[in-house]
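Letters A, B, C and D mark the chains as written, and numbering starts fresh at 1 in each.
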Amino acid sequence: MSTVAVHRDDVGSKIGMWLFIFTELLLFGGLFIVYAVYRYKNPVAFHLAGEELDVTVGTLNTVILLISSATVAMSISAVQYGNKRATLSYLLITILLALFFMINKYFEWSGKFGHGMYPGSEKLTELGQGEVLFFGLYFAMTGLHALHIIIGVTILLIMLVRIMNNKINKTYFVQLENSGLYWHLVDIIWIFLFPLFYLIS
Amino acid sequence: MSNSHNQESSYLDYKGRFKGIFAWIFSTDHKRIALLYLYSIATFFIVGALLGLAMKLELIAPGKTIMEAKTYNGVFTLHGITMIFLIVIPGLPAVFGNFLLPIMIGAKDVSFPRLNLLSWWVYIFGAAVAISSQFLGNGPPDTGWTFYAPYSFRTTTNMLPAVLGAFILGFSSILTGLNFIVTIHRMRAPGMSWLKMPLFPWALYGTAWIQLLATPIVGITLLMIVAERTLHIGFFDPTLGGDPVLYQHLFWIYSHPAVYIMILPAMGVISEILPTFARKPIFGYKAIVVSTLLIAFIGYFVWGHHMFTAGMSGTAQFAFSFLTFLVAIPSAIKVFNWIATLYKGSIQLKTPFYWAVSFLFVFMIGGLSGLVLGSLATNVHVHDTAFVVAHFHFIVFGGVGYAFFAALHYWFPKIYGKMYDEGWANTGWVIFFMGFLILYLPMFVLGIMGMPRRYFDYVDEFSRLNIVSSLGAILMIFGLIVIILNLVRSARYGKTAMANPWGGPTLEWQISSPPALENFNEIPVVSKDPYDFSNVKLG
Amino acid sequence: MDNKDNTHIVKYRTYLFVLITLIVFTFISVAITGIQLGKLAVVGALVLASFKSSLVLWYFMHLKYENQFLRLMVGLVLFVFIAVLIVTFFDYSFQ
Amino acid sequence: MITSNLSNLARGVDTAFIVILSVIFFFLIGLTVVLIIFILRYRESKNPVASQIHGNNKLEIIWTVIPLLIVMAMFYFGWTGWKPMDSAPPDDAFEIETTARMWKWSFKYPNGKRLDTLVIPAGKPVSLNMNSLDVIHSIYIPAFRLKKDINPGSERNAWFIANTPGIYDLFCTEYCGLEHSSMISSVKVLSADEFESWYADSVSETHIAVKTEVSASSRGKQIVQQLGCNACHSADGTKIVGPSYLGVFGHEVTVIRDGKTVTVTADEDYIRRSILDPNFEIVEGYNKGLMLSYEDLLSDEELDLIVEYIKSLN
């Protein structure tokens, strides 16, 4: 009699995670297509609208995300070495950096809202159509990205708890790897969002 | 493990942690999930078919016959949404893919059984959200299933639930596809190399990739509609600077490959049935595998042929027409291979075979009429007319529907361990087939004459053919009733089926009917080609 | 089923090195936009972004250490996306 | 039906049709016959033992290459037949401003004539400069093999030469809402001479002809019907897309103006405002942006008649 063994396939679940990441990439891909087309049709308006965004804040956030991406990768090395403390610290740094990113984002958005720039606002509609499209895309894309950060932080927090409970350990860490993959995805998307909105002006 | 024990623990009788209906809706067994999908899809299908009948009755004569224009517009929208998003897209993969994929590759389940159950729950949730649009405040949505901008921003009807429902259903589709890809990569039985895999799993593999790579695009597009309607972010509305044609691009980037999500598994089913009943291997196995992958790939780049009148650049029209003709080739290869499979066979004339052969016939009509639509000059004349509706129904209803019924009869003994009544099954098939042709063939002519689609009312010159078409619809519904009643009755009272009633060569026929909870006592070791009939025993 | 095909442990030093490269390139791309390059600015920024994201894919996401299949699939997905973008522009750039 | 030669576009389209339909029927009939022969000849009772054939590479190559050549030929015919539709109109083309709006066509001629059917001369290039005021519409004249979507926010051109005088159907083929199927009109092709005299006659058909009815209110009713207003507004109190005409005149109406709720009396001015600037104030419970101004489509006289009609519904 064969007992119903718990089916475990780490490689399989990693492939599954990658496939999920593909769908996420294409989800943003749809928005990138829209961005590309409207930028092509309204080059001047996009240029001018891009100047309204603060490059310093954007750069800071880029660096924050890059570091957080590196630390989450390091936490995986740490778990492979069997160093629980290091794993936890790297993960904690990642989460703190993500929160820092969100705080930055909050001030950036509320600044825009304070100036009466939000989707459907009168000030926005008074600007040209190109500007309306630019800010529409800006809010949609960075908003969707921020949503992914929130989901990512939640997942990383769950990982933190699971490492503390030794559910994730030297021999079983595919969940941490997958969470890491998700976090890098968030990073990659930002790597493109940053120049497209803040730099090309 | 003794045989009697094996019989007792068939997946249908298995008693798990939960009782009654909960033993089904919380089961992670791929076979039970497949049946959950089957019953939900069958329910929606009956609704969708009745909506279709209502439309044909409305069109039986010019002017108002049984409903108002407003109702009619709501009916064709709901017909489209249910048929496309709730039935044909999930249809074959979710029902027969779920049931058979693990068995055909010699696995005990899919890679992520819980995710599989989640897909079904997401499906039901999405369906509930989509259907709720019919009953909320401002009345049923009336945009057609394509949700074209900017009309979808202007209509006051309940667009949001319909669009969100479609978005949620996309998730279900993605999760199923993801699950299948990993399953095929990781869980094939020892010895089953890629080229020893049967063609239905191959088709599901191609389909899964399209589900994975195309669905997110429509997902984000639908979200953009939601954002535009609720937050007034300008994406596609020209008053906000948007470009309505861009919406069409994004919509068809998904929705054309979606046609291949529908038809590839259907082709896979036919590639299983024909060899079994001809008792010989499929002709040109490798060619069919390659054409499956080619269809999946090229199919991604032909979406523009839905937009030849929309105002694209001449270059784009040229490129899209060219690519569209290219994608016809792999489909043609498959048809030739299927017909050649029958050559020098020893054909058993059973119900699944009738369905498969009638599939070939209607698929040829559907595919060949697609050439008219791929060609620029002729497309312009018949675009957005009854011709497109006829072509589309020949491919989607003719293709997927026939394959679905073929699959249902073919694997019925395996799923239920009972035989259907052959006399009634054949009667149902004949009535349905006749009704189908009488319903849709006149619409080709109507389209060439110039009758636009989505018309509640029409000018008198179209009335004769519309009467014929509507009568065909009534006949076809009769056929459906016979088919469905026969199957429902047989699932309960049919004769007990043998393990391998047709003499099929693939793995699912080598285990008991219905299969045990974990399919195989021992994971089989595969050494033969999938369609090797040398040691196949009937019974 | 083998679960052990990925036992490679990446050294902290490697990550640190990649991170520094990424940050340097971020500042380079910011600096580049200071110069008026016109259309080249778009191309330049995108090339840099692609380079940075490849680093993330290759090292942080362990593609370097994964099997051939995954790399192939990542390539395929990127190819499909870029091809879709190009085909869409068959319409817009010839209007 | 299949060859009409009624316009300059028809020839190329119909050639493509003939080529493609011939290929279709050849393959459909041929393959079906082969299929039936195989089924009859190789059924179990006739051929009890199947030959285990796995494939044939030569055949595979043949039936890949031949269809490839055939589809390329079809592609070529489709492309050449379509090219004239994509070309710019000739300089001497007769230009007509074409406006599509929810459920009504409007054609405006260079001399100011405006009507809801398209009247054109035979044998002369006609160029339609097309605009849509609300959603996507699509002009479709089956007899001329002409079809082009009209997207709001951008002008599109369609040009053609009609060959034979007569009356032909004109449809909207892009689904555009409630009364999509009644957004139909016709094309009247006149011989060059007839057209000249029709065009010079400034009295006839400059506006939607309202001559036969007697009372002002019933003339107003006729205009309302012709403009397609009834698609959104009922005369019996039913709530459709917009408010009903019934019992509006002279009564208090709660409207939203500039985001504020105000009560106004529905007088003649109110009705005129609602037609000419529909989004200035919106009756409570209805949505903004669905109706567009009818300023260009109505004369003052016609507007008065409509007001009379609405007054009569009290």
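What we mean here is this: a residue touches a chain if its C-beta (ideal position, glycine included) is under 8 Å from a C-beta of that chain, and two chains touch if they have at least 3 such contacts.
Here the structure is a predicted model, which is why all the values come from computation and not from measurement.
Two chain pairs, B-C and A-B, are compared here, and A-B has more C-beta pairs in contact (counted per touch definition above).
In terms of their C-alpha centroids, the spacing between subunit A and subunit D amounts to 46 Å. Computed from the mean C-alpha positions, the centre of subunit A lies at a distance of 35 Å from the centre of subunit B. Between the CA-based centres of subunit B and subunit D the separation comes to 32 Å, rounded to the whole angstrom. Residue positions of subunit B touching 2 or more other chains: 185-186, 213, 217, 243, 245, 249, 253, 314. Shared interface positions of subunit A, defined as residues touching 2 or more other chains, are 9, 11-12, 15, 22, 25-26, 29, 33, 37, 41. Pairwise, the chains that touch each other are A-B, A-C, B-C, B-D. Listing the residues of subunit A that touch subunit C in their complex gives 8-12, 14-15, 18, 22, 25-26, 29, 32-33, 36-37, 40-41, 55, 59, 62-63, 66-67, 69-70, 72-74, 76-77, 80-81, 177, 180-181, 184, 187-188, 191-192, 194-196, 199-201. Taken together, the subunit B residues at the contact with subunit C in this complex read 185-186, 213, 217, 245, 249, 253, 300-301, 304, 312-316, 319-320. The residues of subunit D lying in touch with subunit B in their complex are 1-2, 12-13, 16-17, 20-21, 23-24, 27-28, 31-32, 34-35, 38-39, 42-44, 47-56, 59-60, 63-64, 67-68, 71-72, 74-75, 77-82, 85-86, 134-136, 138, 140, 142-143, 145-149, 151-154, 156, 169, 171-182, 184, 240-241, 287, 289-290.
On the side of subunit A, the complex with subunit B involves touching residues 1-2, 4, 7, 9, 11-13, 15-16, 19-20, 22-31, 33-34, 37-38, 41-42, 119-120, 125, 128-130, 132-133, 136, 139-140. Subunit B contributes residues 69-70, 73, 142-144, 148, 150-151, 154-156, 238-239, 243-245, 278-281, 283-287, 309-311, 314, 317-318, 321-322, 325-326, 328-329, 332-333, 335-337, 339-340, 342-349, 357, 360-361, 364-365, 368-369, 371-372, 374-381, 383-385, 448-450, 452-459, 533-534 to its touches with subunit D in the complex.
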